[in-house]
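Presented sequentially are two complexes of chain A, the first with chain B as partner and the second with chain C.
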Partner chain A sequence: MGNSLSPLTLSIIGFGAIGQGVATIVQNVPQIKVVAIADSKGVALMPDLKDVLARKRGGQPIANSNLTALDVIRTIDHDVVVEVTPTNIHGGEPGLTHVREALKNKRNVVTSNKGPLVAAFDELTQLAYTNGVALRYEATVGGAMPIVNLIRDTLAGARVLDIRGVLNGTCNYILTRMAEEALDYDQVLSEAQDMGIAEADPTYDVTGIDTACKVVILANAFFGRSATFADVDVTGIDRITQDALQLARQRGFAVKLVGDVQELTVSPKLVPIGHPLNVSGTLNAASILTDTAGEITVAGKGAGSIETASAILSDILSVMRDRS
Partner chain B sequence: MRISMDLELKDTPGQLMHVLTPISDLGGNITSVVHHHDKKTFRNTVPVSVILEIDEQTLGELQDGLEQNGVTIVRVGKMRLRATTHILLIGHIIHTDLRDTIDEIDATGFAEVQDLSLSMPAIDGPSSAVITIMATGDKELKTSIGILRQIAERKDLLIIEPLDERGSPGGTSNGE
Partner chain C sequence: MGNSLSPLTLSIIGFGAIGQGVATIVQNVPQIKVVAIADSKGVALMPDLKDVLARKRGGQPIANSNLTALDVIRTIDHDVVVEVTPTNIHGGEPGLTHVREALKNKRNVVTSNKGPLVAAFDELTQLAYTNGVALRYEATVGGAMPIVNLIRDTLAGARVLDIRGVLNGTCNYILTRMAEEALDYDQVLSEAQDMGIAEADPTYDVTGIDTACKVVILANAFFGRSATFADVDVTGIDRITQDALQLARQRGFAVKLVGDVQELTVSPKLVPIGHPLNVSGTLNAASILTDTAGEITVAGKGAGSIETASAILSDILSVMRDRS
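Now for the complex of A and B:
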């Protein structure tokens, strides 16, 4: 690792919306130097960020070498691997190998990829510990909304008793629109897909899988569990009717998809209209119950490339601070 | 309705019969009897607490009957359903026998379905309902939610429960 006077060097593994968001915002941070960017086709070494971003947006290849992402992770000397490939909940690949190899090669890892953490949380945190490097994952839960570092750093003195949250912006958008505009589920889903809020295949979000992954990560990080996806009791939002939402509303409730970390459950819940977890649109919110600080609720943007990149940058800067 | 009574009996054998017989004769149903032998009063009587179900109209007659039998009535309380919650159900609520769903809750004796609003958009489409359940206490409410959860699973209905209030599991959370 370089000394504290030299710039922090990093690679960006994965160049979708989040990878591009990271490249965009680190342009404004002079202490950070990007040594390589890998997309699914190849690797750009010592990239000019502006140029690479323009090429990617124009649909042109970014690669300027014959290296693979794994070559970069293993052989190029740098401080931080930013692993932002898409989440794969079935085994976590290719992210899991990226993270594992990075840690073995004593590189710090900052990731937004839930797959590796859901598949092998204990192994990876242990690997980071034995190699004396950091594994940071604020961006895996709640996008820009601070929660992992909030609990770990700011609430360090308090014991966390439970965390409950509205942790999926797509579901929250759908439920909010259905309730407010009296629209059917299918119609709002199509609208969300048009707007890029929902994927073409929305299963991962609407059946609660994404929320369950976040619950697993928080349970392992803060409750010492060794939970995996299979341990979570999951019910999604795909059976909810707008009639049900209207009936709930008449009695003073909104319906939200709530992940409960202590219980390891994900299910739609009736949330009183005035409750702090009743956030609308694509917002995320989390309520942290502690022994000494009582209940603390945070809310923020749960998705979006720049928003998620902001959480990644916060982790990168923490690594940089710890290094000096 | 559910009634709780605090009574005092003479400390001689056979006294409890003077309490149970009038209740039985008037069609009352006893839920609980506690004989406080250890808390004998200075009048040398034994306090007894009784909880029973009886028609409200018959309550006066019962009190008369007890007094004629020499039983001292210290207090009579009508137990109200104190805890309330709302539950959403989505699915084929009518086809899976709504009456039966309500009866299972009412049959507990400690909880009842107080209100039900139903929305049926299409003959074959899923219906939505919001059910208001009242129970004698938070614990009973939680038990009745558990019963409803089992019914929902059996009938393949989606059940949406209120967020538990911190520190009072079961949720008397009431947005009204």
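Now for the complex of A and C:
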């Protein structure tokens, strides 16, 4: 790893919306130098970021070498691997191999990819420790909403007793619209799909899988669990009726899809309307119950490529601080 | 300063509710050793924390030496001065002298005392820099609600454009009760006084002075201002009518006492009922508007001796991390 005067060198593995967001943001940080960018077709070595971003947006190939992503991770000397390939919760590949190989080669890893952490949290944190490098994953939970580093650094003086989170913007949008406009689930889902808030196949979000992955990561990070997806008891929002929402509302509650990290559950729960966890629209929120600091709630945008890239940059900057 | 293997040594200057909270919490942290505690009557050197806390609660003197607080700060070799004397916004004393002398003697300072920072922010941050020590003050704004360190560390990847905060629990309690119960200001104030939520003389809170001090600290810390209390345009909540609250409510807003850090204003403002800043009761909240991370809102208990002590402990732990 370089000393604190040389720029921090990084590779970006995965060049979808988030990878492009990272490239866009680090363009303006002179202390950071991108040595390689890999997309599914190939690798751009020592890329001119402006040029590569323009090519990608124009649908042109970015590769200027015969290397693969794994070649970059294994053989190019650099400080940080930014792993931002799409999440695959069935085994975590290709992200898992990328992260594993990066750590084995003593490179720090910053990732937004839930797959590897859900599949092999203990193995990867152990690998990072053994190799004396950092594995940072603020962007895997809540996008730009700080939670992992908030708990680890800012709330270091308190013991965390539980974390309860509204961690999926698509679900929260659907539940908010259903409650406010008295519309049925199917109507709102269809509207959300039109607006790009829900995917064409919304299963991953609405059945609670995405939230469960975040619960697994937080449980392993802060409660010493070795949980995987199978350990979480998951109920989605796809069977919630208008009647249930209105009944809750009359009694002063909103229905939210809540992940409870200590319980390892994801399910629709009643949240008092005045409680800070009760955020609306696509917002995410998490309430952190502590012994001495009481309950701290944080809310913010849970998705968006620039917002997620911002969380990644905060992790990159911590790696930079730790080496100085 | 000791090396990372020896315990971190600290003095507690001020032994009211917060000082006692700090002593209570650090009792359980083996890496921290309290070398002196000063109250208004004298100094306990190398105190047995359990014994000193019991004496204080029983109304007995704690002093076992002829030293003063300033003697401790100047002459006893230790790592961190925890300055938790009461806030005095007219000149900042005695806290200002305590903090200044601590920094000049190359001791790190952790404080919950707004007075010195409002009176002499630039001088003190410069002194800390020149002497190579830390000046940390998470507990001055929002009690246990993390904001200073959240912005500095966790949101380091984003540029902060503005901070708007509901930063006084007494005001927020009064406004919440007025709106929910349709009671007048005087009725709710009197109730809050009975409950210990408002002081017998509530001026400092209800006229916005406390919120303005917090605005000054955040403006100086994050927007490079050299503001003092006189630079803030302050309107309190003591003239708010029931009519105004109900009118706002009908239109979908709550009235909150909002400190706007970029504007340097404190005034009752309309906050949309669904916005995360709209917290109820004695809660505090702050919305941090950033360039790339969007708007992040954090909420938590703004007061309480153990909660404030918890924020102080998180600052002490950062000092500890930074020396290792």
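Here are a few things to note about the model shown:
Please note the rule applied: the second predicted complex is superposed on the first by the 324 of 324 C-alpha atoms of A that agree within 3 Å, B and C clash if a C-alpha of one lies under 4 Å from a C-alpha of the other, contacts with A are read in each partner's own complex, and residues count from 1 in each chain.
By our rule, a residue touches a chain if its C-beta (ideal position, glycine included) is under 8 Å from a C-beta of that chain, and two chains touch if they have at least 3 such contacts.
Bear in mind that the values here come from a model prediction, so they are computed numbers and not experimental data.
Once the two complexes are laid over each other on the shared chain, residue contacts for A:122 go to neither chain B nor chain C.
After overlaying the two complexes on the shared chain, residue contacts for A:150 are found with chain C alone; chain B is out of touch. Applying the stated contact rule after C-alpha superposition, one finds that A:274 touches each of chain B and chain C. In the superposed model, A:240 lies in contact with chain B only, and not with chain C. Note on chain A: of its two partners chain C and chain B, the one contacting more of its residues is C.
Of the two partner chains placed by superposition, A:48 touches none, neither chain B nor chain C.
In the superposition on chain A, A:231 makes contact with neither chain B nor chain C.
Of the two partner chains, neither chain B nor chain C is touched by A:199. When the two structures are aligned on the shared chain, A:296 is found in touch with chain C, with no touch to chain B.
Using the contact criterion defined above for the overlaid structures, shared-chain residue A:285 touches chain C, although it does not reach chain B.
With the contact threshold set out at the top, residues 274, 295 of chain A are in contact with chain B in one structure and with chain C in the other.
On the side of chain A, the complex with chain B involves touching residues 162, 164, 235, 239-241, 243-244, 246-248, 250-253, 255, 258, 267-275, 277, 289, 295.
Chain contact summary for the complex, chain C toward chain A: residues 25, 138, 144-146, 149-150, 153-158, 274, 276, 279-281, 283, 285, 290, 292-301, 304, 306-307, 309-318. For chain B in complex with chain A, the residues that touch the partner chain are 86-88, 90-91, 117, 119, 121, 126-130, 132, 158, 160-163, 166, 173-176.
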